[in-house]
């Protein structure tokens, strides 16, 4: 109980403090401290769930079960490490004259609000509050993406707002339909939007309404996941916003949106007893994987490159959840975790690499390893991991997904394998010259913090070799629930 | 067919043909008042028609028989339409023979002949007017049909008589679909009768005129007939609007001579009000550029379709 | 089959809402667009009030008050001020010509009505037949957003979509729970405020609010 209250209250109060107290020198440190405190609370919550099992809190408004507990921990963790990364990164940006103290104030404040909104979205039991929190997260990111106030960043933020605004409006309609179906079973007073209640009566929900509702919800939240063809905002927002924002967008927000889709899928599956929702998700997932693989080849901007890679991985995860079954869902959850850790680590290194060379163009970033072995190796390792090289965790999850696909959906396997191959060739051939060869990189005014990168990579490596038993147990339970 | 039916048919036809120029005069008078001008007398259209009948018609050398025949056909079509639209009574021998769709056909017949006659002489203005008239007609007719369909869906019949009887007998229910149809019908009527947002009956400005351009070559009794037919057309459209949207006061059943006599002042009252509203609309709106007319009529069509869809959805 | 008067009035309001959605689709002038938006909000508010009166759902009164304050007064006033401050009183440009947009709009209405039929048959509210209209106005606002070139009409389209969604909530289920409506209203308000700041930024950067300038980012 108290942990949930802390997790929810801390980021918002920290955000308010950072906003009200003006541009201070210690804002970055305070940001780290608040994120760390949130992480500690999340860890305490995790420990409690390990010992006591799932729990409901605050008049059933918030809940923790096997599915969201690890996402909460992951979000708090990546939120914390990104705060650590952003301290030197933002100092360097300020030294380069791209940001002013008032902008940094906005950044720190909105960063906390953004993380807080995502935690609310993950923890809430109410599908309506889930929607509100997603929209709040969108608004916070709009401000973050437009932080530089350059024409390109304004354009990216505008696109992001309009596309996600339209998308999320569709999700609201889906939520209304869901409420409509639920109200007939649970009554207006019976908490007809509470997920736990809905899950109990899901077989009585009206199938026609729920299938229509799911289409709207998938399109709505799918826009935020970045599923093709609703992905247009994603590369722009990743490329034009500050790098810490790209890291949390890719690492966390996409996960949260996908989490919302999966929660809805559970209800729809229970009501329909067909594979309608699964088929839709498989279709969107496969389309995202294939399309983004080919877009990967054409990228010239390194952050856009990895943004498309995020679309690809979100496609893989969506496909895995669409296939369903214990193994595929397990693999999907694992992939969510490892992708989030790896992709944020990659963005940390890419951010510093771009600062060292003063450009985001792949062609102009050369020989990182000569000037800064840590950044060079961090990027190389991150790339190998995200491309699914053993022994990293991404390999384990992709392997599980592919083998399940071969067994259950043989028709999809060639597309998946082909897309993964294309993605591998595209990303590797672009990153290799960035790391090796002659260099043009310069020294940075502040030493970068590489601790988060290697922490993330170590975790990804660990998940490839050994999954902690309680984590595996959660995955199994959640996979069973997702079906 | 009862003798009283035949009687109401005759009375209705006579009232229409005789009162039509009066309605035109009334609209002109209202318009003049609203625009702070001195109004011409109510009888001005009658004087005009009389004057034109007394004059000798002048016809171009190369005019074909179509040109000579057209005034009679147009007048005949309008008189026939006046006999079909139930403006005074519903027990009309003619009205049962032709439904709403046939009525649209009769209007179209008149339009085609007048356009043919306009092109017959081969003058530039005639062809110009005919082309514009066909453009307007091409857009107005579907919109008019949509209006009729909405009313038909409510009363489950395309017969004007049945529509009027159903609508007049309902209890007071708000029909949003009829509101849509009503606005659409008003817009179509403005366009079809060459009133202000689309055409201006009072000017002969070559850039904008439509109807006046077509009848430029007519004179004498031909012009008189055409003018009379135009006023009759306005009268028909007004009665049609009243029949569809304000059907109260029309005599139903076959045995009511007193009612028939009573229906005439009711009709005159409703027409007076309608004419005033028409003048008001004309005064308040500005003439559209000719290439905006499709948009205007497109909107009318849209409203007609919306009315139909809303009826399907709401059942009202 | 005569319906009670409140239902008839609701149907009328629904029809008015649909008509206003179409009017917004066709409206070229920016200020008229804002007043149409305010009128739509007012129709929504009246509908909410009417439903509140007939269904005796007290939270709908608050909802109606919220709609009145936010969508009829605050947001239109804010937009109005912004248009004057930015001096963007020009005629709105559309990507397609207006009759074409209207035809597309009719197609969308047909689709929406057909989608809504199975749902409204299940509903027991007096407002059930309005769901199709609500969905139609959502889709029409969506169409408006994608056919407009300028920033402000797009935002008005976005807000009109929100109106349609509220209407859907009222017609299907007598409104969402209050806490969620408050959350939605807050989000919308904050969103518009952020966009207001944005307009000035965009204008500063591009000297125009024409979204043509915002088409630089693309995969070449």
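Here are some notes:
Per-chain residue numbering starts at 1, and chain names A, B and C are given in the order in which the chains are listed.
The working rule: a contact is a pair of C-beta atoms (placed from the backbone, for glycine too) under 8 Å apart; a residue touches a chain by one contact, two chains touch by 3 or more.
The structure presented is a predicted model; accordingly, all values stated were derived computationally and were not measured.
Note on connectivity: the fewest steps through touching chains from chain A to chain B is 2.
Taking the mean Cα position of each chain as its centre, A sits at the greatest distance from chain B.
By number of C-beta pairs in contact, A-C leads when B-C and A-C are compared. The central chain here, found by comparing per-chain C-alpha centres with the mean of all protein C-alpha atoms, is C. Once the centre of each chain is set as its mean CA position, chain A and chain B turn out to be 66 Å apart.
Chain centres here are Cα averages; for chain B and chain C they lie 38 Å apart.
The centroid of the Cα atoms in chain A and the matching centroid in chain C are 31 Å apart.
Those residues of chain C whose C-beta lies close enough to touch chain B in the complex are 1-3, 8-9, 11-12, 14-16, 18-19, 22, 26, 98-99, 102, 105-106, 109-110, 113, 116-117, 129-130, 132-133. The part of chain A that touches chain C in the complex is made up of residues 126, 128-129, 131-132, 135-136, 139, 142-143, 146, 149-152, 154-159, 161-162, 165-166, 169, 172-173, 175-177, 179-180, 183-184, 188, 193, 206, 208-209, 212, 235-236, 239-240, 295, 298-300, 304.
Residues of chain B touching chain C in their complex: 171, 173-174, 176-177, 179-180, 294-295, 298-299, 302-303, 305-306, 309-310, 312-316. Those residues of chain C lying in contact with chain A across their complex are 115, 118-119, 122-124, 135, 138, 142, 145, 151, 154, 158, 161-162, 165, 168-169, 172-174, 176-177, 179-180, 183-184, 186-187, 190-191, 194-195, 198, 201-202, 205-206, 211, 213-217, 219-220.
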